[in-house]
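You will see two complexes here that share subunit A, one where it goes with subunit B and one where it goes with subunit C.
Our next item is the complex of A and B:
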């Protein structure tokens, strides 16, 4: 295991460093090295969005990025979405509008939706659907998920 | 915003929409799903799977794998106990062939499908394990694969199992052909029935193999300790079924095993059987370390339990006035590698919603070289309805009758004798039909080219069977509710609400949890739409007992007879002196002066075969050039008995319908001629996305179920069944072609439209 790289990155606003092999994805490092298991694996090949994270402001699938590529970058994961014990409006909306059933897709949808609202604070239904099309949910049929995101946008607009 | 309406408000808690207690950890990423679980010193297991659909294993050489640094153990079929192949009766858990179940987890001698496990490695990390798996050399003797029900039932078909044991899914089949079992039902005399008919139609329908598509793949961690105690941490729909099957496969006493259910990321019927747990167990036994085995997504597709591809042949006879007189159904369902597919439920769901005096149903459970088929939400029903509800639509069209009037004419009502011989339990089928007919969607004009509207109707049976629940009242008045029913979608809250309703307290006072197999009594898995209904009924019985105990405590304090203590909405009172009262919390606070802790545990068996009904109405638009079908508007009408948490009820209806839409339009397994699965990824096996689906409207109906104190029926499964037929009927309405093959992929719709044009041109 002499081929590990030493990586320094900011994770949820905190400076962190870790060792990883070149073949390890960001997803694997988050989950199995840093034990940040909130980011989920649904496919490990970029097709489900369960592993959505935001790296330097860009939404991406953590399974499709190598951990060694994150040197010096700023990574946002689900664990950092609530600030000082305050839920993000998206998190509250998912609870109130029952935007989840089993909940395995939820962290990915939340991070995806956050990236959307960061860019476009008042999306219409079509824009929400377009943006979330890279995230799969097998339980909800998407209706309540989409409504949750729209409700969070409303809450943010009122704030 | 968009809170579903329900019809009665005689309850305090039931019918409201509190936030689920497990929700917070799910939106913050703290919830522990199967793959989020780690133990110190844990190894990682990976499985070698057959690349061939049908082959004899001549030899396995794992020496190079075992020699790879970081590898701790290798196992093959030879390391597993040899189990006799025969059907055994496990009571409420059904009939099962443990020998076949064991071979499905680890092949011995022969592999029966692409993806069949035949060796496994435990190593320090998953990458090393995966490299080691690739170093295992297997010598195969290839055998001819059989990839669909018709070739499996053909006269010269290669025989897959030298000695086929017919399987069972609720009822056992009889051996019929070398590759097929048969189950028959019937009433009356079909010959006479068809002689009375004014119109007879005969049609054939096919459907491809599909997968449940849960987003969390199968993951398990097993620790086999020095005393031969085995602990399993996994996501399962049924910890007790897993425990009992695992005990049989690895041959340890059931009492030595504890299964600890973690959060489960979807199941839909696909997580009630074992696949990787025995493998992780044997690797743990061999290494003396806990071992985690996580399936990759492609393994989930290749080697778990998808839902049957089918071939269905129908002959229906009807009188001029619209009365169905005769039906002959031939239903051939894939069983996959081992017998015991969902054929019985295909039979049951095919026609039970109509009264047909003369009917014969032949159901076939057919072995093919695909993974062993397992339940998928209303197992067998979508395929059966795709055929029968199209037939019904066609008959109504031929007779120029409104599709609802036609169904009303033949509608099974409470007490009518169903094909399997039992009467339909109370349910208001007429009200459902009348509600659809009066609904704005049914009456809205649908203008525009290539647009059409379709309807399909389903009746499904929800299970009761065996559930366990315990209520403990704590000193501060809080209540701990534990059950043996894994929560796939919010059932902890729906059970907590029922406990709160029955106890007369606030739902926030109740903490619900799902227990491991050492901490609670037996239950069959969370399947069959049974958790909120069946486990809920047991929770209510336990709550009644708790109230009884608490009345006795109050009687003790007041020095009166228990019979003189009344309780209403959490207030206990002395009927002789209404001034004398104690609240639930006050009485709880005095438990140690009145006899000690208050708790009760019960394992109960609520009634099964509780009917649920749903009608789906859909508007679509067909692109005539590409054959693509777009959903414009979708309304679900469903009778749920009583909606405990209407938001989650609506979520069940919508989620099920969207799975049905995926099945109708996109989803299928693609096998090549050699039996290799070609689309084992979430890119190529395409689930519906946000862009494919509009908002789904719902109408919740509530005709009470007398077998539950609040009238709950269960609601999880039925709405997956109608979408394929409703969409097929809408396609006919839009462009005048009948698509008899599922999925109704663009190329099929396009081909049918072109064939119609050519026929019209030829006729002109």
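Our next item is the complex of A and C:
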């Protein structure tokens, strides 16, 4: 044991391969092997959502998945959100509505919000609040985050 | 986290052989939302992790005329996103849609919730009242067990070390039946039940008499609690507040909760009575709606 596995996956649209130990979570591998440090570690036990990523279209906590499980899958992280230097409408809305303060939870909230808008482009406030329940923020009190997501949904609808 | 070997069999036979070979040192991995946390904090340290998510039988989700089959590795989100399941088995949606947040629901499974055997497991009372059966396989053969017989103590099940929970089967509810699951927590999402309760009822065509009922509660005993006597007490009784109150009182009497950070014994006993009352009323409402749809 202790042997590393060779994993091939698509990360933010790009074919990637990496070596990992079975015991390494997807979160560890993203940050420490692939240096995609936008995904944050908060609680490391599935409570805070700071490490939210999208794997094969499913929003999940990267701390609660082994990296070896991702063989052949498509992974979306915060690094894939802006395209060619252009911020995603969610990112712009978070800036305009001050949907962040210290910033540690922000990548997780953005990925959760993206997964929501991918599924439901025009959510109401209750749906946004319910969907974001798996992400904790200790600064904003959530209202600005919810406003940011609603604003981004409007922007995307106009586009 | 201790080191281990990761195995991802693509066939059930292969998984059975691996579980037989490594009995006692292998752990099946479904959603991992409990297991990976336990491995990280040292509560579990298997030498082999056998991934359940690439085995077809464990990933099947099928609704046919007679029953619903839920593979042990099917995620909660896959279940609550299915409109046919939502229509026929609303209490499954009540429970799968409130476990953790969206991130957890995308990974966590009913099979894992059952085998993790937490007293507070939110999906277990719902599958108990629907009369779900666990289909278990090992190198020695297959067996089928009512789900209320799986959990034996906190974190312990009646499954042997070499056994695999393949799927749950739930009979299609008859006409004029309904079920509801309710949970009490201090906030709406992302917490563990202080107490929970599920109720299933089958009414006569007029909606005036209980033909059958099943009640189960969680976080009020060492295991999810099937309160058979409370359901039996409703049989042939009129559908009214008095019958429901009598059944809820039996659920309270059956509860043997503990004091802990989430609640006291007295609070939990009160909660199980209130939640059972409300779940029964909700189940009756759904049964009447179901009856009308069929008519």
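Note that the second predicted complex is superposed on the first by the 157 of 159 C-alpha atoms of A that agree within 3 Å, B and C clash if a C-alpha of one lies under 4 Å from a C-alpha of the other, contacts with A are read in each partner's own complex, and residues count from 1 in each chain.
The definition used in the following text is that a residue touches a chain if its C-beta (ideal position, glycine included) is under 8 Å from a C-beta of that chain, and two chains touch if they have at least 3 such contacts.
What you see is a predicted model; the values in this text were computed from it and never measured.
Chemist: Mind checking subunit B and subunit C on superposed subunit A, clash or fit?
Modeler: Pair status: fit.
Chemist: In the superposed arrangement, does A:39 touch subunit B (first), subunit C (second), both or neither?
Modeler: Touch status of A:39: first partner only.
Chemist: Mind telling me which of the two, subunit B or subunit C, contacts the most residues of subunit A?
Modeler: Partner with more touched residues of subunit A: B.
Chemist: Classify the contacts of A:112 with the two partner chains as first (subunit B alone), second (subunit C alone), both, or neither.
Modeler: It touches subunit C, and subunit B stays clear.
Chemist: For A:60, decide between first (touching subunit B), second (touching subunit C), both and neither.
Modeler: second
Chemist: Touching A:47, do we find subunit B (first), subunit C (second), both, or neither?
Modeler: Both partners.
Chemist: For A:23, using the defined touch cut-off, is the partner it touches subunit B, subunit C, both, or neither? Pick first, second, both or neither.
Modeler: Both subunit B and subunit C are touched by A:23.
Chemist: Would you check which partner chain A:133 touches, where first means subunit B only, second means subunit C only, and both and neither mean what they say?
Modeler: A:133 contacts both subunit B and subunit C.
Chemist: So in the superposed three-chain picture, is A:96 touching just subunit B, just subunit C, both, or none of them (first/second/both/neither)?
Modeler: It touches subunit B, and subunit C stays clear.
Chemist: By how many Å are the closest C-alpha atoms of subunit B and subunit C apart after the superposition?
Modeler: 6
Chemist: Considering each complex separately, which residues of subunit A are in contact with subunit B in the first and with subunit C in the second?
Modeler: In subunit A, positions 21, 23, 44-47, 130, 132-135 sit in both the subunit B and subunit C interfaces.
Chemist: Under the touch definition given earlier, write down the residues of subunit A that touch subunit C in their complex.
Modeler: Against subunit C, the touching part of subunit A is residues 1-2, 5, 21-23, 25, 44-47, 49, 52, 58-61, 63-66, 68-69, 71, 112, 115-116, 130-135.
Chemist: Under the stated contact criterion, what part of subunit C meets subunit A in this complex?
Modeler: 1-6, 8, 29, 31-33, 36-37, 39-41, 47, 49, 51, 53, 75, 77, 100-104, 106-107, 188-190
Chemist: Can you list the subunit A residues touching subunit B in their complex?
Modeler: So the residues of subunit A in touch with subunit B come to 21, 23, 31-32, 35-48, 50, 77-79, 81-82, 87, 91, 94-98, 100-107, 110, 125, 128-130, 132-147, 151.
Chemist: Spell out the residues on subunit B that touch subunit A in their complex, using ranges where they run on.
Modeler: 1-2, 17, 19-20, 22-24, 26-33, 35-36, 38, 127, 212-217, 263-266, 268, 296-297, 488-490, 647-648, 650-652, 654-659, 681-683, 687-691, 693, 695-696
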